[in-house]
Amino acid sequence: MVQEIVHPFSKYLRSAMMPHIWCPGCGNGIVLNCFVQALDELQEDLDKLVVVSGIGCIGRTAGYVNADSFHTTHGRPIAFATGVKLANPELEVVIISGDGDLFAIGGNHFIHAARRNIGLKVVCANNFNYGMTGGQQGPTTPLEALTTTTPYGNIEHPFNLIHLAAASGATYVARWTTLHARRLTQSIKKMLDKEGFCFIEVISPCPEIFGRYNKMRSGLEMMEWFKRASVVDNFSVPSKAEITPEKIVVGEFVNIEKASYEKLLHEKISQINEQKVEW
Amino acid sequence: MAEKKELEPERNGEQARIGVYVCHCGLNIAGSVDCEEVTKFAATLPQVVLAKDNRYTCSDQGQELIKNDIKEHKLNRVVVASCSPRLHEPTFRKACEEAGLNKYLLEMANIREQCSWVHLHDRITATEKAKDLVKMAVAKAALLQPAEEIEVPITRKALVIGGGVAGIQASLDLADTGYKVYLAEKEPSIGGMMARIDKTFPTMDCSICILAPKMSDIGHHPNIELLTNSEVVEVKGYIGNFNVKVMKKPRYVKSDCSACADCSEVCPVIAPNEFDVGLAIRHAIYTPFAQAVPSTYIIDMNRCLNKDGIIVCDKCIKACERQAIDFDMKPETAELQVGAIIVATGADVFDPSTLPNYGYGKYPNVITSLEFERLINAGGPSGGRLIRPSDMQIPKRVAFIQCVGSRSEKNGRLYCSNVCCMNTIKDSLLIKEHWPETEIFVFYVDIRAYGKGFEDLYRRARKEGAVFIRGLPAEIVEDRKTHNLWLIGEDTLQRELYKIGADMVILSIGLEPRKDSEIIQRLLTLSRTQDGFFMEAHPKLRPVDAATGGIFFAGCAEAPKDIKDSVTQASAAAARAGILMAKGKVTVEAITPISYIEQCKLCGLCTKVCPYNALALNKELKRVEIIEAACGGCGTCAAECPFGALTQNHFTDEQIFAQIDAVTEHDAENKIVAFCCNWCAYAGADFAGVNRMQYPPNVRIIRTMCSGRVAPKFVERAFLRGVATVLVAGCHPGDCHYINANHHTQKRIERLWKKMEQNGLNKERLQLLWASAAEGERFASKIREMQTIIEKVPPEEIGKAKKVFEKVSGEN
Amino acid sequence: MPERIRHPPLDIKKVKQPKAEIHLIKDQCKGCGFCIEFCPKKVIEESDEINARGVHPPKIVDESECKICSFCTIVCPDFAIFVTEKPCKDAC
Amino acid sequence: MSKKSALLTGMHFLNGDVACAEGAIAAGCRFFAGYPITPATEIAEHLSERMPEFGGIYIQMEDEIASIAAVIGASYAGLKSMTATSGPGFSLMQENIGLAVMTETPCVVVDIMRGGPSTGQPTLPGQQDVMQAKWGSHGDYGIVALAPSSVQEMFDLTVEAFNLSETYRVPTLLMGDEIVAHMWEKVVIPSVSQLRIVNRKKPNVSPEKYGPFVPDDDLVPPMACFGEGYRFHATGLTHDEHGYPRTQSSKDQSELVTRLCEKISRSADKIIKVQEVMLEDADVVVVAYGIVARSALSAVRKAREAGIKAGLLRLITLWPFPEKHVAESAKQAKAVVVAEMNCGQMVREVERAAKGTSVVFLSKLGEEPHTPAEILEVIRGNI
């Protein structure tokens, strides 16, 4: 009876780092699960994969995936990854980080990497607050939501990350909730096969912190909210994709072809060096 | 645009010279109405220059007579007292035109459907009523005006509803003629019932083998747009110009599907395949049968594990190389403009589980003829082996029971389902062909082998040894252990009881109207017979036309029929629709409004009530413009106008007042004046006649195109003239032939009721009835109800009403 | 098709239905209940036992009902459950 | 552009920034990420033209934080990397200089010092960042900082900076100033074969056995790079030898932080470079670095002409601090004069090292460095 049962995905995870630090009902585990599922389905070469993350609960993901990985300082994963990708374009560089890390302290890096269309694959687990530091208000906290720093209700308008990513020039933009695990997995697969800057927002439950303050005390309650509120509407208008308690528009919003920064850069480099030969 | 001035000369010009023709219609009318007396009476009426009766006015001689009289006696008005104008008005209008008389100068008195047939046993009162009806007709005729019809173009596209063999044939015929055809099918594939049948009688060829090529023609035909998994949800407009909305339910599989079946192989969910009557398994993602058109697979969302946008199982998605699976598909609504519609919605089969004595559903080895078709079919669940569900063994003794659900007062339907006899004969031959040793018994009421080659097939079956026993089993009992069956009943030829054992019993089930027929009926404003099948415009002469213009029938939607008849009727319907579209235009009846400019106060009320936006205020010219082509001819604008500035051609205020006055000339206090709309209530009254429903004779029906034409002043006039009760009857709300005109009727009647109450009158005297063309009984019982009301109306009440309405109806 | 279905499918035995084997790594479970709530066939439910983390891990109600959609596997944040197909010898 | 097809060699007339850029290329730097700022901008401009010619990457990032972050990323992906900035940018970079220290990332940060604080005097020289170089990022760590005082050294020390950072897996700072950066001088560039180029040591164990932070005897761990199949983890958090976070353990904290300091201090003798001029018998020792050292040299020469026993100790390595050299030269001297373009930064270290010998501080701020006369005067005043 007590024979060791081995999970089929354990080969993608660092056994030394398991079990992960995440709370019961936290969606980060599902994001990680979907990510490795996608790796499994694509038979991705783990030796050529680099997972980068920043600060926050989801930031631990880098440490959990059994590939080259780097856990940067607050908000810097995209800037760091830019260096990695340009230095070695052969590498598949995936950033898995949180809404606060990527869009508050790291917001500038996000929009510029998207603008440059560097071949980075960004997955943002959006839990509407700063979970690890105890539940402060963040760039995606809904209006009127209660957090430890908005005890009277949030008066800041949250980012519509989909609109932001699309406007910044991402070639692939999608949003799912952790309940849409299958579609999320398919999106991650698509993203890994695409050229240029890709972005997936995953609405993820944070029952222990955000939920506690906002009357959704269990992961199930938050997942039920996702089920109730989410509407699959592919390629709908990003600007109309704000998240409200009543409606979470999910789906693929952008999927276009555009030459990546590294491709153009290396074309330039070879042009320059051909010219030299002619001389 | 016809205006008062232009009409002046006709109006008060030379005296009206009216000819009245009273028809015996064999004994249909003469049987209960004294036609000679009615004719004599007619001759006495003002402006009548001659009155004649003859046996069949619709016959050539009858028509010739009218033509000659028009020429000889310079008749300028014609009244025909015979059947319903819905039946023969076109005939007599044509006669008038041929004699050079404008067809709008004809008026009919309906003394058959609305008199002789509904008062079969009271010759005296029936005759009196007939006189009244003629009097009304003459009174109106005197005021009739000639009118010119305008023409509107026809959309040269057709919609065929239903993709069974009838719909397929109709679509192909029309498409080959060169017309664009939309074929809407509710199921995921076309093919209908014929696709499920193994062999066809009497030729015994393979059903799907001859149907499949036609199906794929549909799929590839450049002129055909196939809409499967689709239902008609809205129909607006009129002959030649229908706007149809078709709701296309999502398949969840894109047309890129190559039908490779990889998806259903991995689908973990199984369900009984409806196509095989549940005798075989299918998956949640499936195609109903091998030859399905389109071949694109479909996901049964009631079975699929994935619910409300959450994909839990993605096996099919992963298995599909072409990535054709799309769980995000949403219903789409196609908006079609078509000139003609062919209804080929087919029939359902009778459910024998309602007959406990046969034990269907209880005894595994009692199956229906449809289940038999799937069993005997090589492509079916048993690979063509006729096996007993109980033990999968091939039966040695097989019994067929005929007329299951047909020709029975208590069990199912009254009518003969038409195909079952030959189907059983065919089936018995099939069994003999595969397993010659099998003993076959057919229990029947009588065998109807009336068609070409049918009798031969019947003989063959007998020669092959099938035993035919007259007299259906009273019950079937089952041997619990062996699941063998005993059939117990009386052989009505031998006059002896039988108890015959069989390994398997096949119930030869009848056909019945589609359970959802009402939907199509309502959408297309069709009428249905008592059987529930759609009613043709004329059972003999317009067998594939619906009463509503531009709509035609094909296949079992109209009545049970076999493949050959369905195909024949389909081609006929296609031809009829083709003729309509070939003409390219249709003439609009000249029943459009007439405006009297000087009375118009430009209040705009008429423009608000018009369902077709056919009226527009022209502030500069200070008048309402009438767009005849757009006008549907309901007349509700005329009813709405408070200033008498609008009236309706051929249904003018004067004409209707004249009819009212004619009715109320004598013993009004015992009469019912009924205003009936042409499409539902009046047709319903005709229907009551056709079915010989009897009701009190003191009702006098005034036909308007729509109940929306009934102006309050008509009702008031009737009461002013001392009538006991008034009935206003129209189509059910939502079924109005003029979109929503009858919704104004409701408002007006409510206003009248209020007024009656305020003036202390018994509002019961004014009744409002919604009755469809099929609801003859509803109409009849309303009249009976009103009869009892009349008895409660004392003379002083009538007097009081006269006073109350004196002031208001002053103007005319 | 409108007809009511009255006979069980004749080929019900012929179609091979994969047999599931559900694996629970109980001590890894944090008791979020996602696998239970979102199982389309409701083949698992909360158990009474208490695992190493002090929560009630799921228990199997009816393995034979499982369609091996494996949603539980992917929706489990803690990699505590997965499903495999029984090799044919035990299955058929 | 195709005229400069290869590494520069031989004699050239260049400005400091360009010399630095050429030094980087010569050292094998193939990744530059930066953000324009006076007076370091020419380094970026020159590399934007030169890098592609060597298949290297030049990218202008959205700010200096991004620049240093990208530099760390590129280094982990296997390229020698560098960024260049000035005071305000240097301040922004401190966060990730700390990350580079913690993750032991070989990389070079060039800080062309200008007048501060804040935006201060963008086009004028200063030496106000030298303490920030040592203490700028939070936490304890060892770091290497070099101070060029000529255009030639802008070339030479850039090469040296890369060699040191590769050797010790430590971010190495080139603390130039506006004048050395902008002045034009003759530069002699040795041929490729004569150049000493050091590359980081690679692991010689299999991936299974590899721990990214398992140090050798020199306390420096061999460095695998991303994509080489070692599948390792690195983090800014306190970590163990496998790079796995150890945020709750005192042991890991003290072991790691101590090693980060000691891997530099223990090798100080190997790292430190100074220039000693006439120190043997000097009564007055002038200590200077960067551009100021050049005035100091001529002041010392003038003093000798005037019969005063003066000598110069020029700090080439600022950090680790050349304590021994200062102590040695201060021993027999009467006084030590420290001239810096700040309000007294390195002088504190000198005082610490000079033990008892009186230390005179000569400050200068703004447009120009100390003149030789000004320094000579102080020398005279201290005999």
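Letters are used for the chains, namely A, B, C and D, taken in the order the chains are written, and counting of residues starts over at 1 for each.
Criterion: a contact is a pair of C-beta atoms (placed from the backbone, for glycine too) under 8 Å apart; a residue touches a chain by one contact, two chains touch by 3 or more.
All values reported here derive from a predicted model rather than from experimental measurement.
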item: Chain ID, smallest distance between chain and overall C-alpha centroids; value: A
item: Pair of chains joined by more contacts [C-beta pairs], A-D or A-C; value: A-D
item: Centroid distance [mean C-alpha coordinates] between subunit C and subunit A, Å; value: 30
item: Subunit B and subunit D, separation of their C-alpha mean positions in angstrom; value: 96
item: Interchain centroid distance [CA atoms averaged], subunit A/subunit D, Å; value: 37
item: Separation of mean Cα positions, subunit D and subunit C [Å, integer]; value: 63
item: Residues of subunit A whose C-beta touches two or more other chains; value: 179, 182
item: Residues within subunit B bordering two or more other chains; value: 310, 312-313
item: Subunit C, residues touching no fewer than two other chains; value: 38, 71
item: Set of all touching chain pairs, with the criterion as stated earlier; value: A-B, A-C, A-D, B-C
item: Interfacial residue positions of subunit B with respect to subunit C in the complex; value: 187, 268-270, 272-275, 277-281, 305-307, 310, 312-313, 315, 348-349, 351, 353, 360-361, 364, 367-368, 370-371, 381-382, 387, 389, 392, 514-515
item: Subunit D residues within the subunit A interface of the complex; value: 1-3, 5, 30-31, 33, 52-53, 55, 57, 59, 61-63, 65-67, 69-79, 81, 95-96, 98-99, 103, 226-237, 242, 244-245
item: Subunit C residues within the subunit A interface of the complex; value: 23-25, 28, 30-34, 37-38, 55, 71, 73-80, 82
item: Subunit B - residues contacting subunit A, complex; value: 308-314, 317-318, 327-328
item: Complex contacts: residues of subunit A adjacent to subunit D; value: 14, 16-17, 46-48, 50, 52, 60, 62-63, 66-73, 76, 79-88, 90-91, 108-109, 112, 265, 268-269, 272-273, 275-276, 278-279
